[in-house]
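Chain IDs A, B, C and D follow the sequence of writing; residue 1 opens each chain.
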Amino acid sequence: MKTFFDNPARIRFVVFFALCIILCIFSLIAPMLVPNDPGKADLANALIPPSQDYPFGTDQLGRCLYSRVMTGAATSIFSAFILVGVIFTIGTFIGVLSGYYGGKIDTFFMRIVDVLLAFPGMVLAIAVAGMLGSGIVNAVIAIALISWTKYARLSRSLVLSIKEENFIHAARLGGASSLKIVARHVIPNSIGPLVVAASLDIGAMMMQLAGLSFLGLGAVPPAPEWGLMLNEGRSMLQNAPWLLIYPGSAMFMTVAIFNLFGDSVRDILDPKFQKSIIKTTGGIKNA
Amino acid sequence: MHLVPILIGITVLTFLLMHLSPSDPAERLLTSQGIPVSSDVLEEVRKEMGLDKPFLTQYGNWMIKIIKGDMGISYMTGRPVYDELASHMPYTVALAVISMILTLVLAMPLGVLSAVRENKLTDYFIRFLSFIGMSMPGFLTALILIYFVSLKMNLLPVLSQPGIKGILLPSITLAAAMTGKYVRQIRAVVLEEMQKEYVKGARARGIKESRILYFNVLKNSMLSIITLIGLSLGSMLGGTAIVETVFVWPGLGKLVIDAIGYRDYPLIQGYVIWMAVLFVVLNLLTDLIYRLIDPRIRLNKEVA
Amino acid sequence: MDTLLEIENLHVKYKDVEVLKGIDLKIERGQIIGLVGESGSGKSTLIRSIIGLLDSGGHISNGQILFCGQNLAEKSHEEFRSLRGERMGMVFQNPGGSLNPTRKIGKQFFESVASHRKTGRKESYKKALNMLESLNLKDGERILESYPFEMSGGMNQRVAIALAMIMEPEIVLADEPTSALDVTSQMQVIEEMKRLRDKYSTAILLATHNMGVIARMADMVGVMYGGKIVEFGTNESILKNPYHPYTLKLISSIPSAKGTSFLADELQDKSKTELIGGGCVYYSECRISTVECDTNDPNLANVDKDHWCRCLNAGKEKSNESDTGA
Amino acid sequence: MRAILELKGVEKTFDNNRKESFRIKSLDLRIMPGETFGLVGESGSGKSTIAKLSTRLVRPDEGKILIDGKDIAPARGKKLKEAYGKVQMIFQDSYSSFDDRMKVGASISETIKNFQGYKKSDCAKEVDRLLERVGLKKSHLHRYPYELSGGECQRAAIARALAAKPKLLICDEATSALDVSVQHRIIRLLKKLRKEVGLGIFFISHDLALVSSFCDRLGVMKDGVMVETGSCDEIMADPKHPYTKELMEASLFINEI
């Protein structure tokens, strides 16, 4: 008898999913655990190397780097979640609408998508963030404005191909209304690749947000945000490399964990993998 | 491709962006020129700039100017935006081209090797490297490179100077992230291609494995890889902004980040349009190459 | 006649599933052997294991394949490669699928020839033109300058056959070569393959689910079911005088083009629910099975001149049927 | 008598890609209630498009599609559903006609609910009745489509089509993907349904031998044109059109043993 865990892809998924959850919980309770106030400047203690009191050292304003790195986790993780959630919802909604109903709705939205896609992603985000002014919320808005197009395109093409599938024809012959067909057949059958895209996007979005902050277009000082911290620390690279090492490693590890999670989601939702499940469980087909 | 509607869309969107920005261009112009702002003067300048006219008229006038090559005067430097962009453009293009070449030189053999040695040690190692490349934010790679190559080993200057030495680190930074992504996708493309029936057909005809790989599979994989390049051009052009800023490379990205600090709207506007046009042109190029390589599309075109 | 290919007790497994369960088969030079059976009966696997191109996960777990007396399993990769194309050719089901879509046909001919012999492009083109001509394909020069997608399915299949024949191999393995074609193209392909056999005295091992194709082409017929050859004999004796209940059912299910009804219409299905296993592969479907069929695996036994059958009750149904006068 | 399905001057041009660009030119077709009409033609002749046109899964460019006298070419929503209560269709690849995420029973009962408006308990009874009619067991209800064999899945598709209580069943290459012995059993089932419930059948296939073995009337398609139509026996005995002759010869060549 095959069990859920017989497949290594599923084990990987469970492991990385658990890691992500732990990371999220940790980032939420971090402010309660850190030894120092992440915002408290103390110029007398500026640029102290990692020590007993300051495990990661202090920055040029004498703030505890350890406390700042730990409390910064929540900003990076949850702004990326919100960003992916927003673009996933909006993009998918518009894509399904365009794909299923076609006609003028489709033309209208797809022209917008074409235009937005004609901008190199980050370029427009930089411009929008520059217009709107700094702030993590503005950075999320700037990136969301251009990134939903990916989901719109993907869901539209999924819907277009599913729409021509025989089981949709059969459902229509079976007297189901359009709304029912969309809700019961089209969306459930196209959600897989979209979820994969979304979970692979979390890490990438985290990097984009941090990138904007790094450029001074995202989080505003004195917020403890990794990209911003790296920006503040980069002039001290020679004298205080810990200003680079700790936020940088935190950023890298978080992105890596979410990327691994995304990969594992792809592996278990991949149609090829699904087929192999069907083959192993549905051997009756050839019997 | 519907080039004209897209170009119109680009300009409309860019103009709209400016229009909706919270600050008043007239006020910005005055302050940048050091003229004290009073409501009278402001009103006058606004009239002069046509800011009291309806949106569409403003857009029309602006558009005519753009077509003539007049993108306004930069608040930051006082020079025409057009000249400013034109003088920085070559740096960005050079950076993009070199990073792309570097990426392909690295990613092609690695991706193919990874596919050929599927699920062997080499494959795992290459995939591990590509994963690291993908999970590393560009600015972090940049800082690490500066720290080790420039500060610790003193091999290259911290701040880039125009020239080979200067462009090396920025392009390595850009290429690192892209290579990670490419290796993965090239591996997937080659693996998929090797599953196709014509490969079995070639094997059944006794054609050498190496010949199948180099003359058949790779050639056909190129088609997907070109599409891939087209798709990733955007993220690369966007990525130049960060890299140029870190290395102080005098390209368009560095220019626009400085401009944002100055709230230099005409320059930002010009940057967005230039980048979009550059992107569209590059995409057109990849599309053309694709058509040239794929006989199915090429011949169909000739028939039609 | 001398034996070209000899298969002895061949077992093939995909991962843990045994797909071929002991195949014995002998192919003489210039002989056309047809393999019939439904999808999943193991025809394709048999062909692919002969030419050494089993899909990943498939391997020969027991038995051997002798080609001109040499064990194929003992060949090195390179030896096997030079064998393929030169002395063994293969035709696939999907017309054009075995051709590279982005290369001109002529180049693919050249590639095939050059893999086995040092030749110039011109020489190989000439050879290709000759081969296309023997396949009744006029306008060969245009074909060589075309891409596969520019031609119809029937044309592509004929080109694929020409490609398989270009080195004049001693045997051609054909896996459902006509199944994806329209009836009119099917007819041509069958005729041409027969002509090629006559001209080059190439042996052909042909797998198909279409009894009609077998009837037109094969000298000897093997009926496959569940990874075994359940009946083997000359074309005529299998079609006119089938012994195995499965063969009988297969033949009687064929609709007749004359507008008459099916032969098997009055036969009823019988399904069994509980199987002990280890017995005849056809037990669960069989209409004439007896209790011992569930546990007792029959051997391929001689039932007639050049005719063998793997059934404990071989021939029983036939006598029943002649009673009812069907 | 009124035809259950009638196509009048139907035209449709397809041009989605170079290989499948063809057009159906002013097509006329009448199928009477209870009749078995066979349509043969080789790939690319437009047979499948006719099946989809007849159920308005594809909209015609020109002409009328009358189901029991009502034109469904411009119909939508309720009117279309009304037509589907009279004409149902099964596909070549029965697996693809079921949503992989739903159990077979759920797919069937959905159609029952849509058309008959039964309550849950009545619905279950109706599903059982249909399964029995097509020769499936109750246990098949709780399986996913990919857990059925090809023949079983096609039976389930027939059961689902019957749930709408149609007068005409369109079979688009419904047995082509099946092995001969399974194909034969499906044909036998169709014959049984024809006899028991007076179901009309519009049987579309590339296999002339198969079509001629159980159809009343026959139509031959070539490049989007119906080149010959008439009673099955007549055509088989004395084909008029050269293409029909060619097709017959080839079929005889392949199928006759």
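Criterion: contacts are C-beta pairs under 8 Å (C-beta built on N, C-alpha and C of every residue); 3 or more make two chains touch, one makes a residue touch a chain.
Computed from a predicted model, the values in this text were never measured in an experiment.
K.L.:
What's the fewest number of moves from subunit B to subunit D, given that each move must go to a chain touching the current one?
P.N.:
2
K.L.:
Going by the contact definition above, tell me which chain pair has the most C-beta pairs touching.
P.N.:
Highest contact count among chain pairs: A-B.
K.L.:
Whole-Å distance, subunit A centre to subunit B centre, using C-alpha means?
P.N.:
Those two chain centres are 21 Å apart.
K.L.:
Find the geometric centre of each of subunit A and subunit D from their Cα atoms only, then give the gap between the two centres in Å, rounded to an integer.
P.N.:
47
K.L.:
What is the distance, in whole Å, between the centres of subunit B and subunit C, each centre taken as the mean of its C-alpha atoms?
P.N.:
55
K.L.:
Using the average of all C-alpha atoms in each chain as its centre, how far is it in Å between subunit C and subunit D?
P.N.:
Centre-to-centre distance between subunit C and subunit D: 32 Å.
K.L.:
Among all residues of subunit D, which ones touch two or more of the remaining chains?
P.N.:
Residues of subunit D never touch two or more of the other chains.
K.L.:
Which residues belonging to subunit B are in contact with no fewer than two other chains?
P.N.:
none
K.L.:
Mind pulling the subunit A residues that touch 2 or more other chains?
P.N.:
Subunit A, residues with two or more chain partners: 286.
K.L.:
Write out the stretch or stretches of subunit C touching subunit B in their complex.
P.N.:
Residues of subunit C touching subunit B: 51, 53, 81-86, 89-90, 92, 94, 97-103, 111-112, 115-116, 147, 149-150, 160, 163-164.
K.L.:
Taking the complex as given, what residues does subunit B use to touch subunit A?
P.N.:
2, 5-6, 9-10, 12-14, 17-18, 20-22, 131-132, 134-140, 143-144, 146-147, 151, 233-239, 241-242, 245-246, 256-257, 259-261, 268, 271-272, 275-276, 279-280
K.L.:
Any idea which subunit D residues touch subunit A in the complex?
P.N.:
So the residues of subunit D in touch with subunit A come to 52, 55, 57, 77, 81, 84-85, 88-89, 91, 93, 96-101, 107, 110-111, 114-115, 144, 146-150, 157, 160-161, 163-164.
K.L.:
Contact residues on subunit A for subunit B in the complex?
P.N.:
111-112, 114-133, 203, 207, 210-211, 214-217, 227, 230-231, 234, 237-238, 241, 244, 248, 251-252, 255-256, 259-260
K.L.:
Which residues, counting only subunit C, touch subunit D once they are in their complex?
P.N.:
38-39, 149, 153, 182-184, 186-187, 190, 209-213, 215-216, 239, 249-251, 253-262, 264-265, 269
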